[in-house]
Amino acid sequence: MSLLSAIFLLPLLAALLVLCIPRNYKFVIRLVALGATLASMVLALTLFAKFNAAPVENGFKFVEKHAWVSVSTLKLDIGWHLGVDGINLGLIVMGAIVAFAAACVSREIKRLEKEYYTLLLVMTGGILGAFASLNLFFFYFFHELALVPTFIMIGVWGHGENRNYATFKITIYLSLGALIALAGLIALYIQSGANTFDIVELTKAVKARPLPLAAQSLIFPLLLFGFGILVSLWPFHTWAPLGYGAAPTATAMLHAGVLKKFGLYGLLRVGIPLMPDGASAWLEILAFLCLGNIVYCGLVAMRQKDLNLLIGNSSVAHMGFIFLGIASLSLVGVTGAVVVMVAHGFLAALTFGLSGALREKTGTLEMEKFGGLLRQIPFLGAALVMAMLAGCGLPGFANFVGEAMVLFGSWRAFPLVTTLAAWGALIIGAVYMLRAVRNILHGPEKSEWAALKDASAWAKVPFVLLLAALLLLGVWPRLLTDKIQPSVAAILTMANAKTADKAPRPGDVKKAVDEAKQRAVQPR
Amino acid sequence: MNVGLEHYLTVSAMLFCLGLLGVILRRNVLVIYMSLELMLNAANLALVAFSRFNENLTGQMMVFFIITVAAAEVAVGLALIVALYRKRQSAHVEDLTSLKL
Amino acid sequence: MNASLIVLELAVVVLGLVVLVQDWFTPAKDRRTLGYGAVLGVAVVLLYSFFAFDGTETLYAFGNAYVLDGLALWFKRFFLLAALLVLIMATEFSDSFESGQSEFFALTLFALAGMMFAASANDFMLLFVSLELITVTFYVLVSFLRRRVESLEAGVKYLILGALSSGFLVYGIALIFGSAGTMNFNELADKLANNAGLAHKQLLMAGVLLVLVGLGFKMAAVPFQIWAPDVYQGSPTPTTAFLSVGSKAAGVVLLMRLLGTAIPDLAFNLEKLLMAMAAGTILYGSLCAIPQRNLKRLLGYSSIASAGYLLLGFAVMNRAGSSAILYYLAGYLFTVLAAFTVIAVVVKEAGAEDISALGGLAQRSPLLATTLTLAMVSLAGIPPLAGFFGKFLLLKAVIAEGVRWHAYYWLFAVAVVGVLISLYYYFNVVKAIYWSKGATDMTPIPVSVPTRLALAVCIAGMLWLGINPDGALELAVEAVKSLKLA
Amino acid sequence: MEPAISPAGYAALTILLLPLAAAAFIAFCTQREGERSANLSIGAIALGFVLSLGLFAFTGDQAVETNFNWLAVGDLHVSFGLLLDPLSKLMLLVVTGVGLMIHIYSRGYMSGDRSFRRYFGSLSLFTFSMLGIVLANNLFMMFVFWELVGVSSYLLIGFWFEKNSAADAAKKAFLTNRVGDFGFILGIILTWAAFGSVNFAELNSAVELGGRLADKSAGFSLLAEPLGKIAGGTQWWTVHPNVLVTLVGLLLFMGAMGKSAQFPLHVWLPDAMEGPTPVSALIHAATMVAAGVFMLCRIFFLLNIPGSHALEFIAWIGGFTALLAAVMALQQNDIKRILAYSTLSQLGYMVMAVGLHAPGPAMFHLTTHAAFKALLFLGAGSVIYACHHEQNIWKMGGLRVAMPRTWWTFRWGTLALCGVWPFAGFFSKDAILAAALEHNNIPLFVLGVFVAGLTTFYMSRLVLVAFCGNARSEEASHAHESPGVMTWPLVVLAVPTLLAGAVGIDAYIGKLFPGEHPPHNEGFLNNLFAPFNHNVFAAGFGLLAVVAGYQLARALYVNADRDRLPEKIGVLAKLARDRFYFDELYEWFISVTQETLARVADWVDRWIIAGFLVRGTHGATELFGRALRLVQTGSLQTYAFLFAAGVVLVLAWQLLLQSPAH
């Protein structure tokens, strides 16, 4: 069991272990869960440290390959193929950290702990496995692993009276998206002629013989809308705020923070490189759809009374940025999109964690009922302010770096959309974030919250961890971008292989300037 | 005029349809059961006619199997109908509607 | 006519007779030992089947009316395993029969023998006889609870409609015999191969369709599924289980024989019909199940939907399609029997068959709750359980055909809609287990050792076929080799 | 490889990072000791001041740049770079000098406050961000610190967050700044897209090159076509290069408008007075608002590209803001509001100066203004402290006697602000008026003179009402001089208020912006009279306006018990007092556009997408299910009939439809 597979097998094994522990040893169960997620986090961090950006044969490191199902007569070959490159490295590390934070935050669960922790660990293992696997079948298999735990966790430990409707909606919506994506993957499996789900072979096959245009224009929309639904692309986003609002804190953190990036990662890994012509037809539409995400969901977030619904809508708005970055097909834009993916993972986990802590202490999330809490809960208050500011793209946090790069990258492809996206991010984002801070933390103290206590020492650990991650990546982005850039470059060479280069890049301007200099100097 | 294969077939087809109509229209379970047997016999007739004209005896052999199976079916069916009658004191099909929707 | 081939069926029939005879000597109170005896017997036969034959070469018997090849062996083992689990459930269920417990076991064994004969049918006569043996035994099994009027009503409905379908079947056989002049599948295939005129004979096609009606009835496919919900609801739970697994699989193996060996050339122009039936069955089964509150009726509709997915495999009549059918059936066996075992225990405990009877199951008995949840998740086709990989293979086969003819993409879309709708009512059951509102009594439910064993086998089966499908898929492909497929 | 860092670079780095270290230490470590946090923060800025002085004195005039590669993706190269040139060295002095005084002053002013620690932490964070803007060597880094300054001003304005008004003011300040930042980032993106880099040095060389090679008539030719194409890429974006360059200038100016509270985005500054007075002094007088002007001067070469019309627009915006703010200041009764509007007005002056191709005088006025405005604010703070937080000037009076030291320092500040001859204000304002004349922009010159008059009028009104005459309220009569730690910084600030004008600051800056104005640098004494022989008209009219303003104020307000101005100018006074209803106008505009849009979006989301589409399909399938279920009627006859119908259907479908031709 190499380093990479240990990261996601550990939680799954821990889940089995928890199953054997008798129900009333609550503390032991919690310890096992915390230990497993902590161990996988440490492993993920060592993985991050050992990952040097030196180029390797087909771009993937820590590769591990076993056969799983290979039936020659049916030309069916599905193998267990793990590997890491710039893009899913960040996502795995972020996923592991958020999983540990989610495990810490699960202290609020007082009922049926054994089932809860089993499901949490299965979900964590599923998510991390999905990001680590290079075989599209397992990519899909591990993602679906997280579907049932989400359903049961929202249903049993969720909050709010419409959690029943919310849990059914989120489950059916996600499996609709997953099935459409599966259709795309199978069609790709067959029409690529390579008869394999392995992304490395698929890329080789497509490089050798690009997919026919008819196939591309069929498969790409399937992948786009399949993954789009998983990532709450604009018209299919209504499940996200509702689902996260009703979910227990840990599920909301894991789902909004990590699982949601699965669709985007899929689109970037499979959609863009393998179907360049198919993609180019749809990217215009994608750009305007993600505008719907940013501006429309931002406006909707403004009208929300419940803090969790506000955060849910804001996380949908952030997804718009990642889509815009991917749609721009420029190196800066796509790298920015990957940075936003990682940064938003931490941000969503932090905000949902804080709102969960708030809900645990006060019993409600109605913003009107709050007021002047900063005096009673200084730490949680300060963390909430920092989270909200990070949410509206304050420099110093990782989100700003990603969003700035997306704006810089997508300017050339869609100038109008970028302007509106900047308006959405800077202004609309700031408005609803600061209104939330204004209603909850500022203003005169209310008597009913006088007895409120701040978070205990242990409860602070996850929030400090997430804030540290956000700040570290915000202050020193090269830590991440240097690793992402080569992988994105490889994908973009394939994606842009189709049409002639649209407009000269700023780089060309630099060349024009230098040439002009030579000419200017000679005559004198 | 001598009787050819078509005649036998038309007779067996008519018998089959009569049996089918009997099953659909009649209300008494026993009558339904009898029309079912009628359909089986229509098949027997067709089989015998085919084996006679194709000079192949497998059809005849099949008829024996059909008759024995029909007999077994009748035995079990009648026992069932009697049990039902003892339970519901009526053999009409309309009041057999507690299992629906 | 080497009779040694039917040693398995003979053993099962003899076992049935022994159980009947033994009933005279055993006093009323320990009737259950009879049940366990039957279970052991079937287990022995199952083990023996692995040593006796290896299914590589095709053996014929009784004037090649009886064939023993990979496919037949695969299905015989399938039926034996199904009967094993059903018998365990029946022995637990038997104390609610007022009298004649041993008859129930014996009849189940006779039905099993019928299914094993159906698995090896290579002749229309054997097809008819085995089909009738299964149907007649089920008439009695369905109406076994003579005290309850639902059981009797279900019995009569099954009787009349079963007899009607066998009427059509026989008439179909007659027409086929008339037009083709032979009852044997291989001969029929040769005749079709060498004189093209035969293929276009309307009479032959009519005969094939009428036989299809009989088999469709058995599988509860759309135009002929009208009996399924009422019979599933009325009959005692072990019978419903055996109906939904055994008799459906018998229909499947006979249809495979028909399309695979008897009329492979005609199969092509049946493609449109099979696709329509598949789509209709999936939609009908899924849609009608939404408002269901009664557990057994819900599973009835879900079994109709599963027949729809199996028909997907038949519409794509090639090696990939048929191996997918076999794999899906294997997963379906463990899943449905797990579900029925849990429902049998819960219904006996709560007395009511409504979904609300499941209330608070998570606290009352975690084992039953987990098993039923896994079963529902597997039925819905969610990884990592068997249902997913089965559906995945079927859907892959359908999309592979999509390249040739775009209608298959629409078929895929219908399948996706079916899965989504099924998610709703399967997860409704999971909801009832974990967080239903009206859960009153929290008394833990006792689960006897054999039931635990059965549940353990089912869970192991579901997980093994879901997580490590390679071995089982090889077996399925091996079994399908004998059919003349693309 | 990054070049080896020169000692000056190290010094700049320490100046920058010291306040950050202080803020971080305060935030994480000092739980209880409030005092230690104050010392830490003061120590940090004091050391910064000393180092800036050292830099100012010893390093020469050439620019020293140190770079750390912060972000390098594709063609976007952003470095964490520090640029030391005369402009940034001067601003270093202003920020750290004035900042030091205010840190010391606030130690006394805030001594009683409950969250003393949080105050000094935010103050240090602000200093760090302000120094970041000053030292940044590229637009991206400047934008990063731009937003950090916005956040620290949000924290400081909303310091007393229990008060609803303070919390709203903080939110309003941050959001208005964000509107400015929106334009700023678009400007940066456009610059990067057009010129290929965000670094000032590279931008400068690109612009110079373009300028030299271009023949004047076709505008900025060489780089023109690629500019057009590059900027947008799609067809309808290939604008004429001049339009593009103007757009770049205006967008960047939008950032300055937000930060320096220019006309459309000025509404947040008066409300920012909710923060503690030292905060108002530091942020809203000396440094933060000056950042906008500093940025304009820093990118002046971009604005000054031939063919760009941005500068005229900037000049007029500056002028109009100056006039508007001055008129509003006439009718304010809160001492801090008056000073806030006066800051707004002076900022208008500076922006006007930049607009008139005179960044040198703008920076000169910025420096002097920083000194005397900080002095005035701290003086006002000591008055408020003495009158137990009474801010209405009509409740004060007779403080001249009660608070002698505050009185004479405040009087010096007022004289400097009005532009009376020996004081610093006169020289810098005169330089601006001279620039207006040289650029023969008569309307702006007249406007400048008129605003100078207005400034003198409202400042004299304040002095006459607050300090002269007799006490009008209880607190005023018992007022006594503030403690030494508060009045001592006033005296220190009084020195530059007097001498800054003639000490030759404009000469030092002049070197940066060659060509516009000959700097007068013939020693202190003749500098005193330089403005007169440089441009006697500007100086003469300036002084004339001051005298006229003073006489008018004296006539109206000496020993006045109530404000008699409204009778004189009627409705204009009412308008001025209510700030020309801009707040209400914005409120209405936002409610019309953003709130209604939000309401529509929420309605669509709730009813159309989640309601009609999702619940609709859900309901439809459920209904369809229930309908289909009715087929199971339960009666055996219908079953038999349906079965037979099914068989007939199958036969018909297969035999008739799939005709044998198949």
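When the chains are written out, they are named A, B, C and D in that same order, and each has its own residue count from 1.
Assume a contact is a pair of C-beta atoms (placed from the backbone, for glycine too) under 8 Å apart; a residue touches a chain by one contact, two chains touch by 3 or more.
These numbers were taken from a predicted model, which means no experiment stands behind them.
**Student:** Give the identifier of the chain nearest to the protein's overall CA centre, each chain being represented by its own CA mean.
**Tutor:** Per-chain C-alpha centroids compared to the overall one single out A.
**Student:** Centre to centre, by mean C-alpha position, how many angstrom separate chain A and chain B?
**Tutor:** 66
**Student:** Any idea how many Å lie between the Cα centroids of chain C and chain D?
**Tutor:** 77
**Student:** Taking each chain's centre as the mean position of its Cα atoms, how many Å separate chain A from chain C?
**Tutor:** 43
**Student:** So how far apart, in whole Å, are chain A and chain D when each is placed at the average of its C-alpha atoms?
**Tutor:** A distance of 35 Å separates the two centres.
**Student:** Would you pick out the residues of chain B that each touch at least 2 other chains?
**Tutor:** Residue numbers touching two or more other chains: 20, 23, 32, 96, 98-100.
**Student:** Would you pick out the residues of chain D that each touch at least 2 other chains?
**Tutor:** 629, 632, 634, 636, 640, 644
**Student:** By the touch rule stated above, which residues of chain A touch at least two different other chains?
**Tutor:** none
**Student:** Among all the chains shown, which pairs meet the touch rule set out at the top?
**Tutor:** Once each pair is checked, the touching ones are A-C, A-D, B-C, B-D, C-D.
**Student:** In their complex, what parts of chain B are in touch with chain D?
**Tutor:** 20, 23-25, 27, 32, 93-94, 96-101
**Student:** What residues of chain D sit close enough to touch chain C in their complex?
**Tutor:** 621-622, 624-626, 628-629, 631-632, 634, 636, 639-640, 642-647, 649-651, 653-655, 658, 660, 662
**Student:** Please output the residues of chain C touching chain B within their complex, sorted ascending.
**Tutor:** Contacts found on chain C: 124-125, 128-129, 132, 136, 139-140, 143, 146, 149-150, 152-157, 159-160, 163-164, 166-167, 170-171, 173-175, 177-178, 181-183, 229-230, 233-234.
**Student:** Within their complex, state which residues of chain D touch chain A.
**Tutor:** 69-76, 140, 143-145, 147-148, 151, 158, 161-164, 167-168, 170-171, 174-175, 178-179, 181-182, 185-186, 189-190, 192-197, 205-206, 209, 212-213, 222-223, 226, 229-234, 237, 594-595, 597-599, 601-602, 605, 609-610, 613-614
**Student:** Which of the residues in chain D come into contact with chain B in the complex?
**Tutor:** Touching chain B from chain D are residues 629-630, 632-637, 640-641, 644.
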